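Look for subunit A in each of the two complexes below; its partner is subunit B in the first and subunit C in the second.
So, the complex of A and B:
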């Protein structure tokens, strides 16, 4: 599974990065974010496209497992 | 989740709309229950950073917004000190956003409040704002970024909210330190307690919902996502109803409170605000909230806005009510838009080379 590290970026950049990354790997990927706004925005974006999103909480960040 | 977010944003928007009308009834200038740009400018004047006699007052709304957002970010776990994403560029962008706002005579939040009061000049401003956001979105979708932020110490994150508390204590304890307008918009204000309370509530609600005037339009352009725009619409709806009830609704271009009917400059002023807000990741209200959550980068942008406001009045860049901008303001605004476009283009091109 491909991983996109969007930590340190604030919205909307993580969403745009996810949008681009999903074009390259349409089956899904892991996205690492480090703020609640990005976590919710990326989740909302992927869900709207019909993906499933599982959230794993790390220390100071979240890994969003986006899959079909 | 979408519906829940929209519900919370609608409630927040409604609270802001009601608070804005109430503050106006209690003494704030017309259609100026809240205006982040104007209130930072008034506060800069009170602190002797400029000496325009009609716009000097320590606005408790600003203090309340920062403290309310800071407190709720601590409670909700969103207080995360971070910084290092081009602070100097953010300072400059904040500076230019303030020039644009003071040529238009209002930040995006006040633009919505003016629309709710029937001020059609704000509609021209809204068109410019949308155009500026649209241009910003083109840069964003081509890879524009001001870079990654790193974690910072809690001391760094607390510095701005603590300074705000200190300012408020000095304002209450030693008011003779500050300048206060005797006439003009700076002399018109709601009682301190009401203004502070309104600020606290709005700061807390905006922190929880991440309400942003620019973000709503940006998300529609970039992602076809209509979540954030609900806050914008709710503010408009409630101020419209509130103004009609309060008898202060007046549809038209002429004789609107603290505004001017120079369409091209209203458009270009808000164009700069829209473009700059997208580059900063949020409108002036959102920058205040992010700074309260511990973002050094947004604190730099707020610093740029305060200094921009001081320059705007020291060098006659700000518009006069009913008249519009003078030659200094026109030149500064055009130059500011060119600088914004140059920063956006260079930061985008660099990113494309690295990709």
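So, the complex of A and C:
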């Protein structure tokens, strides 16, 4: 599974990055974010496109596992 | 320097750049306060401006507001910052008269950009009948601009966010969704002309349309969102405001912006502070919660008035609409249905 590291970026940047990455990996990918707004917003974006999103909490970040 | 993109220089923008309300209360609530006999609204009130009794039947109203740009065009930014700062005077029922500017300006930017910000601000202040009489400028990494504005009102005509009564109707004078749309716009996802022209619109007519009508309370809707400013007014008034979600008017595209995650960060800190103070039905979809808690910039006046006065007001003020009714205080100060 491809991984996109959006740590250090604030909204709307992680959503834009996820949108671009999903074009290259339409079956899904992992997105790492380090702030709550990014976690919520990337989850909303992927969900709105019909993807499933599983959230794994790390230390100071989250991995969003986006899949069909 | 043509083609400068102001929004590319800042990390947050507009009223979304406000510090979270919960943090503010923690930092400031216990500060020692000096009282002044003449101060009618002061530090302890969550009102939009201070109100000082001039002793001759008039009051002085003073406010300050500044923020980083949410648009790329320096003149438009100047206009929006001015309209937003002056709005606090209108929200108190006052007539704005004089202002001083606050400018933070990056050394990497051509100085002509500062001039264009000021040109926009002067155009908007002239429209409001306000004279900019000076100001202060700092070198800073992120550009920021705004005004400290002074206005006046008859002492018995000044509005506050306290005083809403059961039976009042709450009317709002601009549409919602500016913060969502500007976030989507920053991402290149949507046009934002309507949001931008609404931010540039003075609340002058909205205030003047209430002339001769009974206003029990008023505020304006900005960074703390519709929920935050509704809560402040209802809480200060000791009542509950019941808002019908279906009566709310959003700018086109705002709902989609929320659905696709173009949600300003302030939405989350607003809800942190307000979640135990407002009631929102569990059945409301997540993106519609986003629409309630998202920061607005240069938003409309939220006016509480008796039903008959509200009816007359809505006829006088095109674009204004009723969002809910005031009830005796219930469990929560704001109820969304």
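Descriptive notes on the structure:
Convention: the second predicted complex is superposed on the first by the 68 of 68 C-alpha atoms of A that agree within 3 Å, B and C clash if a C-alpha of one lies under 4 Å from a C-alpha of the other, contacts with A are read in each partner's own complex, and residues count from 1 in each chain.
In the analysis below, contacts are C-beta pairs under 8 Å (C-beta built on N, C-alpha and C of every residue); 3 or more make two chains touch, one makes a residue touch a chain.
All of these numbers come straight from a predicted model, not from anything done at the bench.
Once subunit A is used to superpose the two complexes, subunit B occupies space that clashes with subunit C.
With both structures placed on the common chain, the touch criterion links A:56 to neither subunit B nor subunit C. By the touch criterion stated above, A:34 is placed in contact with subunit B alone, subunit C being left untouched. In the superposition on chain A, contact of A:44 is made with both subunit B and subunit C.
In the superposed model, A:11 lies in contact with both subunit B and subunit C. Of the two partners subunit B and subunit C, it is B that touches the larger number of subunit A residues.
After superposition on chain A, the stretch of subunit B whose C-alpha atoms clash with subunit C is 3-11, while the remaining options among 3-11, 147-155 or 345-353 stay clear. Put simply, subunit A uses residues 10-13, 15-16, 35-37, 40, 43-45, 48 to touch subunit B in one complex and subunit C in the other.
If you check the complex, the residues on subunit A that touch subunit B are 7-13, 15-16, 19, 34-37, 40, 43-45, 47-48, 60. Across the complex, subunit C is touched by residues 10-13, 15-16, 35-37, 40-45, 48 of subunit A. If you check the complex, the residues on subunit C that touch subunit A are 11-12, 183-184, 186-188, 258-265, 267-268, 286-287, 290. Contact residues of subunit B toward subunit A in the complex are 1-2, 5, 76-78, 80, 82, 85, 140-141, 145, 148-151, 210, 215, 218-219, 222-223, 225, 227, 281, 290, 295.
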